[in-house]
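Next up is a structure, given as structure tokens.
Per-chain residue numbering starts at 1, and chain names A, B, C, D, E and F are given in the order in which the chains are listed.
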Amino acid sequence: MMTDTGRLGAALEAKLRATPTAALSAQLRRRGIDNSSIDGVHALLPGTVLVGTAKTIRYLPLREDLFAQVGGGQNAQKRAFDAVLPGEVIVIEARGVTDAATLGDILSFRALARGAAGIVTDGGVRDHDAVAAIGLPVFAASAHPAVLGRRHVPWDADLTIGCGGTTVQPGDVIAGDGDGVIVIPRAMAEDVVDAALAQEAEDQWIAARVRDGHPLAGLFPLDADWRARFEADTAAAGA
Amino acid sequence: MMTDTGRLGAALEAKLRATPTAALSAQLRRRGIDNSSIDGVHALLPGTVLVGTAKTIRYLPLREDLFAQVGGGQNAQKRAFDAVLPGEVIVIEARGVTDAATLGDILSFRALARGAAGIVTDGGVRDHDAVAAIGLPVFAASAHPAVLGRRHVPWDADLTIGCGGTTVQPGDVIAGDGDGVIVIPRAMAEDVVDAALAQEAEDQWIAARVRDGHPLAGLFPLDADWRARFEADTAAAGA
Amino acid sequence: MMTDTGRLGAALEAKLRATPTAALSAQLRRRGIDNSSIDGVHALLPGTVLVGTAKTIRYLPLREDLFAQVGGGQNAQKRAFDAVLPGEVIVIEARGVTDAATLGDILSFRALARGAAGIVTDGGVRDHDAVAAIGLPVFAASAHPAVLGRRHVPWDADLTIGCGGTTVQPGDVIAGDGDGVIVIPRAMAEDVVDAALAQEAEDQWIAARVRDGHPLAGLFPLDADWRARFEADTAAAGA
Amino acid sequence: MMTDTGRLGAALEAKLRATPTAALSAQLRRRGIDNSSIDGVHALLPGTVLVGTAKTIRYLPLREDLFAQVGGGQNAQKRAFDAVLPGEVIVIEARGVTDAATLGDILSFRALARGAAGIVTDGGVRDHDAVAAIGLPVFAASAHPAVLGRRHVPWDADLTIGCGGTTVQPGDVIAGDGDGVIVIPRAMAEDVVDAALAQEAEDQWIAARVRDGHPLAGLFPLDADWRARFEADTAAAGA
Amino acid sequence: MMTDTGRLGAALEAKLRATPTAALSAQLRRRGIDNSSIDGVHALLPGTVLVGTAKTIRYLPLREDLFAQVGGGQNAQKRAFDAVLPGEVIVIEARGVTDAATLGDILSFRALARGAAGIVTDGGVRDHDAVAAIGLPVFAASAHPAVLGRRHVPWDADLTIGCGGTTVQPGDVIAGDGDGVIVIPRAMAEDVVDAALAQEAEDQWIAARVRDGHPLAGLFPLDADWRARFEADTAAAGA
Amino acid sequence: MMTDTGRLGAALEAKLRATPTAALSAQLRRRGIDNSSIDGVHALLPGTVLVGTAKTIRYLPLREDLFAQVGGGQNAQKRAFDAVLPGEVIVIEARGVTDAATLGDILSFRALARGAAGIVTDGGVRDHDAVAAIGLPVFAASAHPAVLGRRHVPWDADLTIGCGGTTVQPGDVIAGDGDGVIVIPRAMAEDVVDAALAQEAEDQWIAARVRDGHPLAGLFPLDADWRARFEADTAAAGA
């Protein structure tokens, strides 16, 4: 059930960076995947764009005896940050718990040093302002000063996990922007992004007509007449 | 039960723009309306001010058979955006659901082209950064990449609806700023805004005294002595 | 059960201002206090730093007969703002209720005029943009236009209260930044901040090594070898 | 968009009474309807079974001026209870608000006298024990002493509404039991119940094999061998 | 602000026991008190009726240093149970926290031995089945095995507190049944219960007419014709 | 990290059955484990007692592509029910999602046939009344008609999981009653139950004194004098 965790390749990554998550999400829905979003998270800095493949970490609810056994020292969390590969996004299952952090600035520096593409956690971040200043794309559910041991036991990595209400497999494509974060199965990514870019071109053409004062009726979505005009314009532009 | 949906007139609109929602809300409370706020929404851009009259749209919870019948094409949502009049605020009932969008950039452009005063939704917005850049006042509960069909069936328009925990009738006055969004019955609007402006003048005079170091006791609210001084100052200023 | 509400003294205050709440929180946890954070609040302005000692106010749930008796005029809220001392932080128990304000601009001006160090409320703020502009550190759970009487009866002051899921005693040290707000028992404050500053120095040294590409294993936390290097560096720097 | 609100007919009603909502829900899912349940409601009395067609009432959030206009006297709620037909289920949209009632004993008596099949509300019931004793199937989200005016304005009836997270149209089939309440589009009802009864027969045959100690593998769902045995047994029983 | 905490007297207590909380709540609303209910609590045993005057206890959120100082031994909780008077209802402020208990069987026995009228807590109860079996009316928000120290510091008693979203003063009248628990200001209790009993008589007469098949229109509430018939019947019955 | 999943042995099981979860929970707290409870679940039938060792199943959030791959047929859920051993309790991680079922009657029959000690799920149960009638101890968060595929992908088994806010390892001791469900590390179980039984004996002796009218002060917890009397009584009873 593991998929390839290798890098995406420059061409696919570039296309993904150029595509809004809203467009990608719409294409996933057309392919039967409605639950593609990691809900309840936002970028620490406005304007952040995130693209990479998932490397997963799973935290479990605090149980004091288990935390005493495996919570400290070089725990599962730190082993994962030491092992993250260039282009990977660390995705942390924190059960949507907002009143404890799941990482701080030192781990963010380590991810950056390893070439990670970013971090997504449905829990909190401590050292919020310091982490935001590092320049690594980080999406989280909250800022909170407490260490993870207040609510979590860092348990294992590289498993399929739940995060923000959807499921993330190691190697899934992760894309984030101002609308949030979505998960794209690796095998679908090329097809989804190409279709999304095509739809974006159409939507931008429609938007230009709407700005000119045309009504939505017939235009959005395109009826036959409008589609003919769109295709003519596109052909002319490409000529 | 329908009230006039016409424009507010330049004078009333200007007064409303000059008055904080906090002041308007306080006057509504004095007139027996405590539930005047659309809660859980915020402007996409800080500093946004919104004034207009309500045009309502109602979304219902997703039921797949009903969405298949009426969700796509020129649905109730798009018909309403095509019909919005200058000065109207589109108000969407989305039951506070944050994990799907209720509109995106193309519809926002259409609202702008029609001269709409703004949009309020107690659901999500997709293409968040693009919508924010358009320059139309938009208040929403969340950003989310998913299309409305993930959670909603766009159903009808121009009914009295619930939004953010209060009730909105077509033609109600809608006012929004950094404190949120409130609803003012059209027939009360002139009286409420005049009283609010008068109170604002008084509050600003009080604030100046407070900044000078006077205690709140007697001053806020004004007792007889302080009121005499306030009235003297006001008379002097107006002389 | 009352502790000293006097000022912190310039030296302690300066050390607290220089220390992130994340570092203070970690030291409190080492001393057995895991519930030190006031959760669900954020600064009205990014970059806000708050340090002071707590002066508490308690609001109770709205009961119309009690509000009629004590809600208006020079109520418990206003008496407390008139009495706040330089260096004190007003901390308001509002039960996490976000759909009404617990203070507005006039009271914020009064706190500023009295020399208060700031305000923390687990309820809402009205006149949000005006309050943010005053320059007083204010942490709140929400912005909302409604006056407190929509949900609260301002009841008493200077009691031990609950706020944001922890307990605050008059005289407790309050510290806030981008990660949130924490409460430090007055008697522990000197010890906690000194330990936090020492840990910060160590963490910054570790962060520099991580930026240089060293793995977390052995380094974070420091094993014996790395600690020797850290101590050598520190000694050299201090030489 | 209105469908027939007439009675179901004795045969269909009898089949629906004999079929668990779990079985009906599974058949709806196979036909593409996953959002068929009215969530968050339970029967006032254990063992209650409910079958009928929907008659809808819509409450809006309390706004004091609107409540003053239409909340009292022979309001929309009472008109609907006076008009309910035999075999109809009154379904109330109360936005999941649990801290006010949406009906009490007198209205329940009226529904019984009119021959209503039952009541479903995603709000509260007052006179809980008295209503439970009446013998009418009632599903609600809570018991609460307050009248509806604490949170609601009874607004209109016989519209398509939202209730418990799904959408209900006048004339939809409503079925309830210990698992909750589901909504079946009228045109699908005969097909859905027949398929559900067939599946129930199969499931009961499987359950008997499981009680005898057979593993689930191959048996649930039936593989080809087990299906042959099931069909042989069924044929024998019908012979 | 303290009201008399003495017993209610046999006559008032008997009338309160005979009156549903729904009827009392409606009378409080007519007198301007909409927030009279302690929400989110239910009786441990169906059919429980509770009447008495409030004795309050306040728990604060767990802070480990404060719990160490005052949580154990003869704490504020136990002192209050040792001091409760006959006819008093112990009302505990537990901030609606359901994942820890606020009392168990030994304290319930103590309340019973002291002649307390019952217990209301907006937190949990441990030894749930044992407490239910004692025969004392107990309303709580949950059952939970953990001791109070998991989430609370028992702090003080006999203050005005918040409980279940309303405010309770020592000496307030507390009434509970299948609809929940309400708070009646002591000075209003006689008037409220008398009006509620009168309304109950009217409602029962209306209910009888409804059972006979009369429509609600004109009958509920009574118009002039129906009121004349009601008064005639009442006079005849009393003759 | 796996612990022994073998049966508990008759003696330990009998002691656990005789001990309330409240007493066990208190002993765990004394040993530093405060997070021992699976919160938000209740027995389908009042009076249910559950004792066994954990066999875990993990469901992940619905993602339609993954459900299509592994959701149907002999999935992870059914394999686990086919493999459960006598004395084991099936514990399901369902992330507290209440609006879909996680099992129904056929799987409950299978668990019974395999000799399972019971089932705990922090999700829903379908065929609620049928499952309750089977006689197997089942604790769940809700009843719901929908199959698991509405919200879940059944993923794997026999891992350490989160359930109801705590962590459960395969082989952990699970105990449930009217207060809820707790988790006891296997290696601590004997010690915890013996201490709990001893404390129960002491508490029952205290309860008897309280029923006789003795105040809590000095008695609960026992001071030196009362402890001497308790020990004398115990010695006499044992003589």
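In this section, a residue touches a chain if its C-beta (ideal position, glycine included) is under 8 Å from a C-beta of that chain, and two chains touch if they have at least 3 such contacts.
Predicted model, so just to flag it, every value in this text is computed and none were measured.
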| item | value |
| --- | --- |
| Chains in simultaneous contact with subunit D and subunit E | F |
| Option in A-F, D-F or B-D whose residue-number contact pairs overlap D-E by over half | D-F |
| Rounded Å distance between subunit C and subunit F, as computed from the means of their C-alpha atoms | 39 |
| Cα-centroid distance, subunit A relative to subunit B, in whole angstrom | 32 |
| Subunit B and subunit F, separation of their C-alpha mean positions in angstrom | 50 |
| Numbers and ranges of subunit C residues touching at least 2 other chains | 34, 36, 165 |
| Touching pairs among all chains present in the structure | A-B, A-C, A-F, B-C, B-D, C-E, D-E, D-F, E-F |
| For the subunit E and subunit F complex, residues of the former touching the latter | 72-74, 78-79, 81-82, 98-99, 101, 104-107, 109-110, 112-113, 126-130, 143-147, 149-150 |
| Residue numbers on subunit A that touch subunit B, as the complex places them | 20-22, 24-26, 29, 34, 36-37, 39, 42, 46-47, 165, 177-180, 182, 203, 206-207, 210-213, 215-218, 220-221 |
| Contacting residues of subunit F [partner subunit A, same complex] | 1, 32-36, 60-66, 68-70, 95, 153, 155, 160-162, 165-167, 169, 183, 185, 188 |
